[in-house]
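Listed below are the structures to be examined.
Both complexes below contain subunit A, partnered by subunit B and then by subunit C.
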Partner chain A sequence: MSDDDSVRTRAERGPERRGAATDNMSDRTMDAEQPEREPERGERGGLVPGIFKGLATTARAMVTPSHTAEYPDVLPDLPPRSRGTIALLEENCTSCMLCARECPDWCIYIDSHKETLPATTEGGRERQRNVLDRFGIDFSLCMYCGICIEVCPFDALFWSPEFEYAETDIRDMLHEKDRLGEWMATVPPPPALDPGAADAAEVTALSKPVRPGRATPPAGRP
Partner chain B sequence: MTSTTDPRELTVGVGAGGLATADMVLNIGPQHPATHGVLRLRLVVDGERIITAEPIIGYMHRGAEKLFEVRDYRQITVLANRHDWLSAFSNELGVVLAVESMLGMEVPERAVWARMLLAELNRVLNHLMFLGSYPLELGAITPIFYAFREREELQTVMEEVSGGRMHYMFNRVGGLLHDLPAGWLGRVESTIEDVRGRLPDLESMLVGNEIVHARTRGVGVLSAETVAAYGVSGPIARASGLDVDLRRDTPYLAYDQVFSSGGPGRVVTRTQGDSLARLEVLLEQVHVSLDIAQHCVGVLGSLPQGPINVKLPKVVRVPEGETYYATENPLGFNGYYLVSRGDKTPWRLKLRSASFNNVSVLSETLPGNLISDMVAILGSMFFVVGDIDK
Partner chain C sequence: MSLLEVVVRSVVVLAAFLVLPLLVGQTEHKVMAHMQGRLGPMYAGGFHGWAQLVADGVKFAQKEDVTPREADRWVFRLAPAVSLVAYLVALSVLPLTSGVVGADVGAGVLFVLAAMAVGILGPLMAGWASANKYSLLGGMRAAAQLLSYELPMVLAAASVALAAGTLSLSGIVEQWHPLWLVWQLPGAVVFLVAAVAELQRVPFDMPMADSEIVFGPLTEYTGLRFAFFLLAEYAGIVVMSLLFTVLFLGGWQGPFAAALGWLWTLVKASAVAFVVIWFRVAWPRLREDQLQRLAWLVLVPLGLAQLAITGVWVVLTT
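And then the complex of A and B:
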């Protein structure tokens, strides 16, 4: 429970040391203005009033070299998973629309059409292919969540740490597939994982026993 | 409780020399450098003394709960990140824990400890923010730079694992998105040591400083009864003596192991209930969280190889039913009341946010204080406006 002293609010106790409350900590003429009452010692105690402890810290910081990285002269050192912008590898995209569907903001615009390819062998079936006409991401809506990248089954979308694409016109924040393709050059490889991580699926598949069956694959199949 | 007293009209003095005065209605905010974000306080003041105070919220209402209703659980995580943006990881965690509890899903141990580590680092980030901004409101310009330097170091570590510095989007139903990068645990450990080593510099400017003391001791006292009546939680409640911490009382993840006797976790309380007590709770909680984070790093380093998430079906459908899952966010209790009708989107996802209750107590605390003390009290009620308005 609060003790008697603090039940009365600060206001009721009346103004005290008005000057001290408005002092800027960097304005050091405090020597003349010693507190009238015994100053309460900080955790570390000692004869030095608490204000001087703060002064000592700032004095020390003044003579230590600063650790500030002065952007834009120095570019930040960003980790590979950094979410800067989204890059599109167009050849992998099959216009499955999963990214556009899963986006919480509906900021991906995809247009595509189907093309029919003639049969390659005689009497064979015609093939249907999706051709991507338009793939746009509106970065003025994008919330940089990464769901589109996570959900793409064909690895057509990647994160890139690039962040310097601010525009003066908001309509320029809609990146179409050519611009998204340009970001691909800036996509870093994913980081190596902690040794405690589970092995990748490809590694565990190798250690599975070979299924009994054909000793040699049938002719004609790669 | 809204106390809208009409400003009084009085006549001061007697006879012919009487002076007609009236109380002044002063609006602090919504845009104001001393309020964290768009909080409007409608004060009725007599000179400089506050007669009534009414926090008017809603300037940042984004309709999060309505938006939740048309999004699936992974998309909800994106929005849930953003209501209390300083504790983004803890918010995400609440959502996925609520969904996992309804699905009855058991998360791999690696994910549990990684989540705890990241949640505690998030707590340190949140507290450092307020440890910087509160002295700034009192007039001390330097501590915020020191606090933000520590935040940058920790945000670098968080960015390395999740890709984001503030909105991590790293929790998924069933675990975490990616596994930890190689060498990351070592970097976390060295960052924790660095931050811990520089904390005394930050503290030297706060603890024992006579100016901070004069402005915060006995200012804005909250009794434990008021705290319980308004549902205030988190460091503010504990500074008034209310010994409640959901990490110890209704443990989630592996907090029961951490908060057991002999573990690094402990609940920090004070009894005075004034602004200085709230500041002290925050400072001590940073130390405790760094201890817990260090412990988690140790555990993660010793766990056997394992997955970081559970393989989910293509579409995650939560069975019919309802649940309320509350976690101890850095600012207080953060609860999600999830009502599901068996779809992949919730029927209703109500958000119980910590800052809403923390701010509601202002109408009781502020009256009787001077406006300059109001700044000290407001800064000590650690809140994030997005959390109030949702």
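And then the complex of A and C:
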């Protein structure tokens, strides 16, 4: 019974609902078009306006400069945050391995060893530091997520808009630190802050008004 | 006319026949591209792809010349030549400027229309001989279309000939007066529309409608024979533009006609060719029945009315 009812009501309501929807739509289009199109339709009738509109449109397109990007001849004007490739500033890298561990597809290869530095003062302690032997990114695996750049605590990795490093063999896509270092030259300076953006954290910290000491507690409070 | 003169005239006409269609084709490449917000060919030849059609020609010459096994071999192979030669013959009698014409024919209007009517046989033969249903359909469409549009075209041309009182193309230009632009306007519109239909170009390209019947009569053609058909199409634009210029736009008439007559003819013809290209970019294809309706219910009555107006005018003024 209930099945029957629901079927019947749906069948009855269907056309009504559809009718209402089309009414709404036609109302809307009429409202949108009326101010512009109605007088035109009255002036010239039938087939003629459409035909000449077509001619006018194509003529206008002809005298408008085209937006074709002539890529190999003219290099594209890429936005500053383009994710072209990943550049390495070797001096900043401490071989902490954070990037390699965070990489979702494990495409970063890092080898390093420890070096012992002699004490700088008499009787001082010897220090140890990491020396980077190998830093490779396999761009055939990399998915350009940028997590390595985000996690690097010492700003050793950067996005570069350079994108012309295609190879004919997928095995040649593993680039070592010398190649990654060359790309540092193509890294653009960080873009200026947007107008109205909050100041950088350092600036905010410095420009905080000096807080007076709590020598005299405010009156009226226990 | 000495033999040498005949040879020189033939060579000049042939040279024009081979160069002007390429110019129109290149213009179409670039104009169509810019009308569609593209750049068109940019590499061939170095400067804005000026040699694109030369490169296309080289490509076509390298391709294999295939004749389908079931095809009517001789008709199939002859068809491109038929459509090409007809326009060559028509071009030879079109005057460039006063006294400069490949061959001065007394009844030039008649001759040109007759020569172009022969060219119509090309697609018909190709469609019939290809042993392909799409080709056959295209050939049938071409036959129906070209027959329908021959009539309004002849009517419009007859009106001009009547107004000028001569069938000679040079004579018509001599008699031309700027006022013709006004009182021959319906005839000019009829002629232009019929010319585009004769050339089987958009919006009247049903015989080759590539979204319906592959490529109509040209479906089975490859290599040079296909290139000849394409050349015939652009040669057709050249011939039609020149003919329209001579009949309706006063040919070489204009400022400094004595010295710059040839330039006037070419400029006017280029403008007409540009309009033909423009139509192609701007308008969609008509349906087959709309095409016939347009020919018989609009163009033929208009052409007849123009002929009547011209006749009355000529009788009243002479």
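In this text, the second predicted complex is superposed on the first by the 142 of 222 C-alpha atoms of A that agree within 3 Å, B and C clash if a C-alpha of one lies under 4 Å from a C-alpha of the other, contacts with A are read in each partner's own complex, and residues count from 1 in each chain.
By definition in this document, a residue touches a chain if its C-beta (ideal position, glycine included) is under 8 Å from a C-beta of that chain, and two chains touch if they have at least 3 such contacts.
In this text, all values refer to a predicted model and were calculated from it rather than measured experimentally.
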| item | value |
| --- | --- |
| Subunit B versus subunit C as contact partner of A:Tyr144, first or second or both or neither | first |
| First, second, both or neither for A:His67, with subunit B first and subunit C second | both |
| Residues of subunit A touched, compared between subunit B and subunit C (which is higher) | B |
| First, second, both or neither for A:Pro195, with subunit B first and subunit C second | first |
| Contacts of A:Pro153 with subunit B and subunit C, given as first, second, both or neither | neither |
| Which superposed partner A:Ile51 touches (first subunit B, second subunit C, both, neither) | both |
| Common ground on subunit A, meaning residues reached by subunit C in one complex and by subunit B in the other | 51, 54, 57-58, 61, 67 |
| Subunit A-facing residues of subunit B, complex | 49, 71, 74-75, 77-79, 110, 139-142, 149, 156, 159-164, 167, 169, 177-185, 201, 203-205, 207-211, 213-215, 217-221, 223-224, 240-241, 271-274, 300-301, 303-308, 368-370, 372-373 |
| Complex contacts: residues of subunit C adjacent to subunit A | 31, 33-39, 42, 278, 281-283 |
| Touching residues on subunit A, where the partner in the complex is subunit B | 1-3, 5-13, 16-17, 20-26, 35, 39-44, 49-51, 53-54, 56-58, 60-61, 67, 78-83, 102, 104, 143-147, 150, 159, 191-199 |
| Complex contacts: residues of subunit A adjacent to subunit C | 51, 54-55, 57-59, 61-62, 64, 66-68, 70 |
